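Both of the next two complexes hold chain A, though its partner changes from chain B to chain C.
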Partner chain A sequence: MTRQGPLDLSLLPDGGVRWLDASGPNADIVISTRLRLARNLVGYAFTGRARDGERLRMLAQVKEALAHVPILDGSVLLRLDESAQLDRQLLHERHLVSKELAGLDPQHPLRTGAAVFLGEQVGVLVNEEDHLRLQAMRSGFDVPAAFAMASRMDRELGERVPFAFHKEFGFLTACPTNVGTGLRASVLIHLPGLVLTKEIGKVLAGLQQMGLTYRGLYGEGSEVVGNFFQLSNQTTLGRSEEELQDLLVRVVRHVIEREEEARRVLVRDAGYIIEDKLWRAYGTLRFARSLSFEEAMNFLSGVRLGVGLKLIPGLSVYTLNKLLIFAQSAHLAHLEGRALTDSESNLARARYVRQVLATEGSGVE
Partner chain B sequence: MLCDHCKERDAVVHLTRIVDNAVTQLHLCEKCAAEKGVETTIALPQHPLGEILQAVQQQATPTSSADAAACSFCGANARDFRATGRLGCAHCYDAMETSLRELLRRLHGSSKHVGRRYEPPRPESLAELDARSELRDKLQRAVDAEQFELAAQLRDKLRVME
Partner chain C sequence: MTRQGPLDLSLLPDGGVRWLDASGPNADIVISTRLRLARNLVGYAFTGRARDGERLRMLAQVKEALAHVPILDGSVLLRLDESAQLDRQLLHERHLVSKELAGLDPQHPLRTGAAVFLGEQVGVLVNEEDHLRLQAMRSGFDVPAAFAMASRMDRELGERVPFAFHKEFGFLTACPTNVGTGLRASVLIHLPGLVLTKEIGKVLAGLQQMGLTYRGLYGEGSEVVGNFFQLSNQTTLGRSEEELQDLLVRVVRHVIEREEEARRVLVRDAGYIIEDKLWRAYGTLRFARSLSFEEAMNFLSGVRLGVGLKLIPGLSVYTLNKLLIFAQSAHLAHLEGRALTDSESNLARARYVRQVLATEGSGVE
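Right, the complex of A and B next:
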């Protein structure tokens, strides 16, 4: 099914954001786990070099094959190359498509044939840097479940279309940094304790030595806001899929322990200062009339820490996750039904956050 | 900010280098950068692989004629790779095998895939898969229509195939 015109979110299974529901392991610290496998089809130049016609033929071949792939049964095809910018931005804010695929990256204009198939907690990005990015998202820290889903997509689709595979180098990708397994496992993790205790530099340096890398909220090239980091494996070749997952799981588990330790230190050494700071963050979100995205993310980070430390009762992690996604510009524009200027967006953001906290917020005020 | 080298002109090239875990920063003007062999922004590859690619390619393809050798499938050559940091197609891996092997070793610490092995589907096995899924569809329709005799026949056919 190919849709055109304004984006109807009701078409997406779970709006594409079931991973926000905070049902997964360690959901207060790890928002989500994502696993993606980069694959290319035999017979076409890689996306960056392919001509428009080639990309469209490849998309058609994949579309036909996906009709026989059970794990993507009932998935929705969204043609990004035929979508308005606001809709593409909205999908990007939901972490369903990359900035490059959505044509939001000035270095990579929107490509003919750019599309995404979205199923339940799984997606296939078509004509990204690689022909296919098979992607699975899970709530909390759950690498095995995300891998199981991505790997099932890989097997089922790989029986239907020929992937480019080299005996020595493994699965071939446009960028040599992804070759081999094509596997990138990442967690979106909230580390305010390590930032406040100034331990974060050491931790990030340590994980780079272990073969992991970190990025901001939206992955490659994005900045760190609200103390949210994306941690993922750096290399994809020379280690098996299982070894790569084990490495990430081991290191992230260690990072979670360090974060918990930092939080204990904060409460022990600066109890009332921290408590005051976090309630001030809550107060601002609850009553402010204008909020920039960055401000909102920083205050949300404080409130999230308050909830994690059980200093702010009655507020669910799910509500916080929802605010993280739905208080972004394209979502607010979608909610208001029109494009917004920056200052209109700040007003709409404050209004939305106030309203959510009034109904789902802490009863203690 | 003045150039670290000539201390005369404004620094426009900012190099961050990590050697043995020590981070050093070098700020150079365009002229000194060119003299030191650092390509300036315009010529600098627009991707983080830049430096490492440069090093490997200079080693592996010292002559410009080797740079010009193009992949027979997509026409991309080593120069395109250096400019974009992306290979043109799967065949480029064969066309640039030697220099890529070295690059992969530097990037990943290994050039040997040890993960999942994969055999692309052969056309005949695809035809068989299609036949099977067609049978499965027919079976489903027969069950829905309560044509149980037909359903049983189809099920037996499927069993033979699977």
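Right, the complex of A and C next:
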């Protein structure tokens, strides 16, 4: 059932890209929905306090159990603690593991026993802040589907291993903000309309009042680039899974409507100025010889808005999603087969973006 | 021999574009060479002091004489005083008539009798500041060829009409700076390398010390845009035609060498940064939906440098020269068949540039 070898993401059940395929609802605005459940096993100290041997025993127990869990049939085990840094960065850039699990967060060095089981649009992160993080990802805005998959993982795995549970508090977790359902639902959403109309500040303040929080492309502490935001629930304690989902769905639906309204206003009030701006972004991506990550994200944001507004025809949202992920440094290093300096990375990024746009958007005019 | 009708520049002997065809020496740096001789006819007051009837009689005498001048065989007479403003602008943008003759200079309203005879790379401007301005234009850097043509015009026409000549001062002209040979030689030159390396100030100061002067794309008082400069001799009095030509040739050759050196330095010290900058200029021109004239000239300057450095393959200098001239407002209005507001002009400019680059540079990658 599980296997181990050199990192080749194409060997994953869904290639690790299914969540990018733009097949889900509202895919022009919401790139993906992710749902994770934090779980800990009875009988082991929390990851941060456990010793190496304890974490390895826990991993072995989970591995044994997962052999009998249908939803993870065919999943691949990747041992992060035995992986090269570039491979761990690659997994993180692909949104398959957290920065902490990948040992890329200076405050949390790579832990012995850090591992991930990756199946079709699902994953089990082992020895993260909690023993287990059951994670489901879906294309577009689709909380119910992501929740259904995560719940099934939770149920099937919970029949095989004992999760730490307190009848009053619910599931026990290393950090109090996760106690209860251990559920965090998030969407990766593109809000260029609200940024351009300068409405974004108000919208984000409103989110926080509703108990949601926002982050950049790479989760906690990461900067917002290219107008891509991750919106998620802030705490889980004292609320049911249904309440948490309902809240996220309601608020995100509202944000999508505000974004759509902002786009209508832009087209109405600044039609050809916007059109020109978005086409210039396309022209720069199409021909630049050097692109920093931030620049690429900003131009990509413009092109994505152009495609969403049907001003730029002939380009698919899937192509743009791929660029969003594959134009990152570790992906480029992987493509080139070697570590790259920053300026080499900028050259490789421009080359990659040009090739993809020339191939997959050859009719764009 | 001469004819008159609605303005259709394609009816001109060389279509009014031969000087743009990039066939001359150093055509990647020097767009064109222009040589003009100021002449006045005996028996008439200078244009600025003459009455309408006098100017018309002078025009009639010149027209009569030109019928017997071989080098102007097949030339077309255009009466500026009977032309619409847009047509006069078109001729000025095409560099076929001066701003003053076209009545576009607020200090010199359109004069009765203002006219031009246009032949193959030669023209006779009538009732400009002087009665006649004999003008020859050549592609690239080619002072001898331009001088040969202007001299032949001077000789052939001088046999038919009496030019005002003083044995001590030489040819008499309305403005003292032209007295003597009445010769002004100028080159339209592209100096992006010297601008980018910030050497341009020194070079221009040196020019002035040598008795040359510089202007923008449209002669006296016009701003420098897109790193295009017109270099010409400042005065003619007290120097022979040969001395004036030698001076211009020597100085311009030196400027060309400095420009080439600057380009080598740029490629050596900032290779991929320059390459990226020039390709971004291309990408913007290739896809923008609105372009002001100044922006278009600046991006075109970048692309021209890229072509000169052989960094951007598949584009001809002729295509770039055409864009330089045809992307101007009156040309765009002519193309669209109606007067355009500034913002309509910007849209039409972007559309025209896109079409030309898509058609004539389809292999650019």
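Assume the second predicted complex is superposed on the first by the 356 of 365 C-alpha atoms of A that agree within 3 Å, B and C clash if a C-alpha of one lies under 4 Å from a C-alpha of the other, contacts with A are read in each partner's own complex, and residues count from 1 in each chain.
Convention: a residue touches a chain if its C-beta (ideal position, glycine included) is under 8 Å from a C-beta of that chain, and two chains touch if they have at least 3 such contacts.
Since we're looking at a predicted model, the values are computed, not measured.
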- Task: Please indicate which partner A:166 is in contact with in the superposed arrangement: first for chain B, second for chain C, both, or neither.
- Result: first
- Touching A:288 in the superposition: chain B (first), chain C (second), both, neither? second
- Message: Quick check on the superposed pair: does A:79 touch chain B, chain C, both, or neither? Answer first, second, both or neither.
- Response: neither
- Message: In the overlaid three-chain picture, which partner chain does A:254 touch, first (chain B) or second (chain C), both, or neither?
- Response: neither
- Taking the superposition as given, does A:18 touch the first partner, chain B, the second, chain C, both, or neither? neither
- Looking at the overlay, what does A:57 touch: chain B (first), chain C (second), both, or neither? neither
- Should A:183 be classified as contacting the first partner (chain B), the second (chain C), both, or neither? first
- Item | Residue contacts with chain A in the superposition, chain B compared against chain C | B
- Item | Residues of chain C touching chain A in the complex | 272-273, 275-276, 279-280, 282-290, 343, 347, 350, 354, 358, 365
- Going by the contact rule at the top, pick out the chain A residues touching chain B in the complex. 40, 42, 44-46, 48-49, 68, 107, 129, 154, 158-166, 168-172, 174-177, 179-181, 183, 209, 235-241, 244
- Note on the structure: Per the touch rule, the chain B residues reaching chain A in their complex are 21, 46, 49, 73-74, 76, 84-90, 93, 100-101, 103-104, 107-116, 118-121, 125-126, 129-130, 133
